[in-house]
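Take a look at the following structure, please.
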Amino acid sequence: METKENVLLNIKDLHVWYRVYGGYLKVLNGVHLMVREGERVGLVGETGCGKTTTMKSILQILPPGDFHIPQGQIFYKGQDVLKMSFGELQRLRSREIAMIFQDPTAALNPVFTIGAQIGDVIKYSIALEEKKVHKEKIKTLSARALKEAYLPDPERMLVNYPLQLSGGMRQRVCIAMSISSKRNLLIADEPGTSLDVTIQDQILRLLKEIVEKKGTSIILITHSLGVAREMTDRIYVMYAGTIVETAPAKTLFKNPLHPYTKGLFASVPKISGGGIAKGIPGRIPDYLNPPSGCRFHPRCEHASQICMEKPPQLFEIEKDHSVACYLAQR
Amino acid sequence: MNQATNNEILKIENLKKYFRIGKDKRGPIFVRAVDGVNLNIKFGETLGLVGESGSGKSTIAYTVVGMYRPTSGQILFKDKKIGMEAAKRPLSLKREIQIVFQDPGSSLNPRQTIEQILTLPLRLHTQTPKRQLREKMVELLEKMELSPDYLYKSPPSIGGGEKQMVAIARALAPNPSLIVLDEPTSALDVSVQAKIINKLMDLQKELNLTYLFITHDLSLMRNIAKRIAIMYLGKLCELADAVTFFEKPLHPYTQMLISSVPAISEEEENLKPKKVVSIGEIPSPVNIPSGCSFHLRCPYKMPICSEVDPEMIEVFSGHIVRCHLFSKPENE
Amino acid sequence: MRNSNQFNNAIAISLAKPKSIFWTNLGRNWFKFSRNALSILGLVIVLGIIISAILAPWVTPYPEHAGPFVDFDNAGQPPSLGHLFGTDNFGRDVLTRIIFSFRGALIMAIVVLALAVPPGVLLGLIAGYFQGTWIDTVIMRITDIFLAVPPLILALAIASVLEPNLMNAMIAVTVMWWPWYTRLVYGMASSVKNEYFVIAAELTGASKFHIIFREILPNCLSPVFTKMALDVGWVILIGASLSFVGLGEQPPTPALGQMVSDGARYMPTFWWMTVFPALAIVLTILGFNLTGDGIRDMLETRMG
């Protein structure tokens, strides 16, 4: 798939620390991630690897007191988000980037109607340009957004409350909120994970259709390799706050190079049967005292001296396919 | 499916569990969580029970274990009737049937140490003298590949996978025969899941355990279950051995579920037998559609489907389906 | 087969752990407590009050003024270097009497809470566990009745029937204090009882005693401890209200409320006789409130 060289989002060497008793949790340890215009990017990683922290850093919605960013930059359309003023951040959040959260029940306010909540989103995204926005216009735009998310009877849906809807419908409402005005980048955090698998399938298909139709870029966070394969063009694999491998989706599935990626693939149960691999030995590192060098080395059967000393950098092995591993670089 | 009785550890016969949630003009309103299910589990096998929300799979699990009392029907464990609540069950029965819940965060008391958590079943069900309790616990932990210092840790300070290992250790402590596992790995990452599933399989061989394994993850089921039963809105749709289930699924819902599984490669995708695209919402169990409850979402719907609920038919040996596509027209 | 030596080593190592876990937990709890500077301020105030109360005879400038003492030549002196808070109408040093009155206040707080909290918690636990049954109804309706009576009126009624002294004041306050804990624990117990770990214990055959006291109770205690810290201040206030009207500690033993009421007659000329005791009450409640907030931050983040 031909993508333009226009880079929309470029995260460079992002480090994020979280203050706790005894020091800092060094959650992110040099994250590199790039999203081009119209590209569908997958961020694959397991619990605690830092995917949500990364996404929240983009929108600067990490709680300020406890989080500390010692180094790194997040360039959106060439401008560093970490240095943006409050006004610029507001513009970023209301017009440029939209986030679809994992749990739709928690993302919707139970005491306000759907119409009120979508209306707010639209109001804030338009309000920057137009001083006063007509209620009728908001209502029309809201109904249109709901229709695009294939919600039945959009006009009536506007006066419903979230608790009257099923989980799948709530997720559609969240998606509708994110597309209610033109956005350049969607960030979808594990969409459909909390829903039944047949409903999740519908949600993912909806996202795919929206992204294709509108040409929006999307970052899809997931822990499921199967979902990433079906939905993305390029995948970033994350472990313990670092990107360990990145490649176009087809390439990654044909030729995973990093031992962690390979371990993940082996652990997924296959429809073809054959039992389940033993998983990956060890556990995720303690971020308070992370392992020296490569953060994966305590769990890696190929670990050598240099792996314990210096953290490997992402190195391009073949076209567009980079790995942060000394083994693969040999 | 008539086998010698002593081959089956658990027999569920026409089990119904209704929950009363109020009433209207016509009378009391019930949620028909389980509506006439027949299921047998053989000694030493893993029976997979698959379904989405509202299917009733967890309700069956909870009824077997004694959290609920059946509304009607009976459950036989080793040929003895056990359909009562746990409070009324003899201690020996409580020892034999154990359960592992889905969310390890809430199934372990966050204010206790692991030592305290494991002491309870050991104290109640084994005659281990006090001096040897710790030794026994360390043995259990070692079986789950956890170091002895876990005894002094509390659930909030250990990871999800390890918590689930503790929950399994707790279930193993009294030497049970049947373990009910209600989505034990659904809340866990795939690499952690692999570790736990492998451990469960090893333990099954070593200790000759029988598992009633409940999940919504079909590809997981493919690899661990001997036979798979699929449920929709309180009723069984299809029951077959694992290989046949994936090679020749008969029920449209089964086909829809298999199609919805995100495949990890082209080969996997091509292994899916029949593509049935998922449409529609899962109806609420309060408002179960008439006739065959799946008819609103079924691509093969026929007029009879909205009127008459099909019977379970044994299409091949050991493979039963409940669908009008396979109903014999006049008899049965 | 296992090497029994290795095994014993493993046990020995593991047994050494609990002590270090204790210190780590303490450090972590202090970290959480000290995040907020106000909590530290509260702790400083509270420790100041407690230590000065314990060491009163040795830290106060005129300890004998806390007993039967008169010096009319020095009566009504405004605050000065010799008497930081001035003297009262009997010539007694106000600062000394305030510090001595902390003794009675703290004793009252400790005794009232020690007597009121255990029964309150126990009743709440039992009512919560048996929620929906007659046990629940009986316990909670009795609790409601006690809660319906305005607290101060109840305390006054009881205290005035009995002889006025510190012990009877404590009894009066205890009687009106326990229901709040029953309410608090009832809410927690009835929701904890539906958690899966409680169900797991029931399914495996645990006795009701074990379930109530080993499974449910430990999960209800955090808000109880927080409330106890906050309550110290409020018990002291109620105690001051009682001594304001002459119930509670009898003269010449000083009590904060008593000092406020005695000095009220001489307002506004001899303002220091009322104002300083009143400020002492405010400071005490403030200190315990801030400390209570800190304790809540310390305990309740764990549950989440």
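We just call them A, B and C in the order they show up, numbering each chain from 1.
Definition applied: a contact is a pair of C-beta atoms (placed from the backbone, for glycine too) under 8 Å apart; a residue touches a chain by one contact, two chains touch by 3 or more.
Values in this document were obtained by computation on a predicted structure and should not be read as measured data.
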_Those chains which touch chain B and also touch chain A_ = C
*Farthest-lying chain, centroid of Cα atoms versus that of chain A*: C
_Of B-C and A-C, whichever chain pair has more C-beta contact pairs_ = B-C
*Rounded Å distance, chain A centre to chain B centre (Cα mean)*: 32
_Centroid of chain A to centroid of chain C, CA atoms only: how many Å?_
49
_Residue numbers of chain A touching chain C in their complex, please._
20-22
*asked:* Applying the document's contact rule, which stretches of chain C touch chain A when the two form their complex?
replied: 27-28, 31-32
*Residues of chain B touching chain C in their complex?*
65-67, 86-87, 91, 94-95, 98-99, 101, 103, 106-112, 116, 120-121, 124-125, 134-135, 138, 147-149, 151-152, 156, 170, 174
*What residues of chain C sit close enough to touch chain B in their complex?*
7, 10-11, 13-14, 17-18, 21, 195-206, 210, 214-215, 218-219, 302-303
*Which chain A residues qualify as touching chain B in the complex?*
46-47, 166-169, 196-202, 204, 223-227, 229-230, 253, 263-280, 283-284
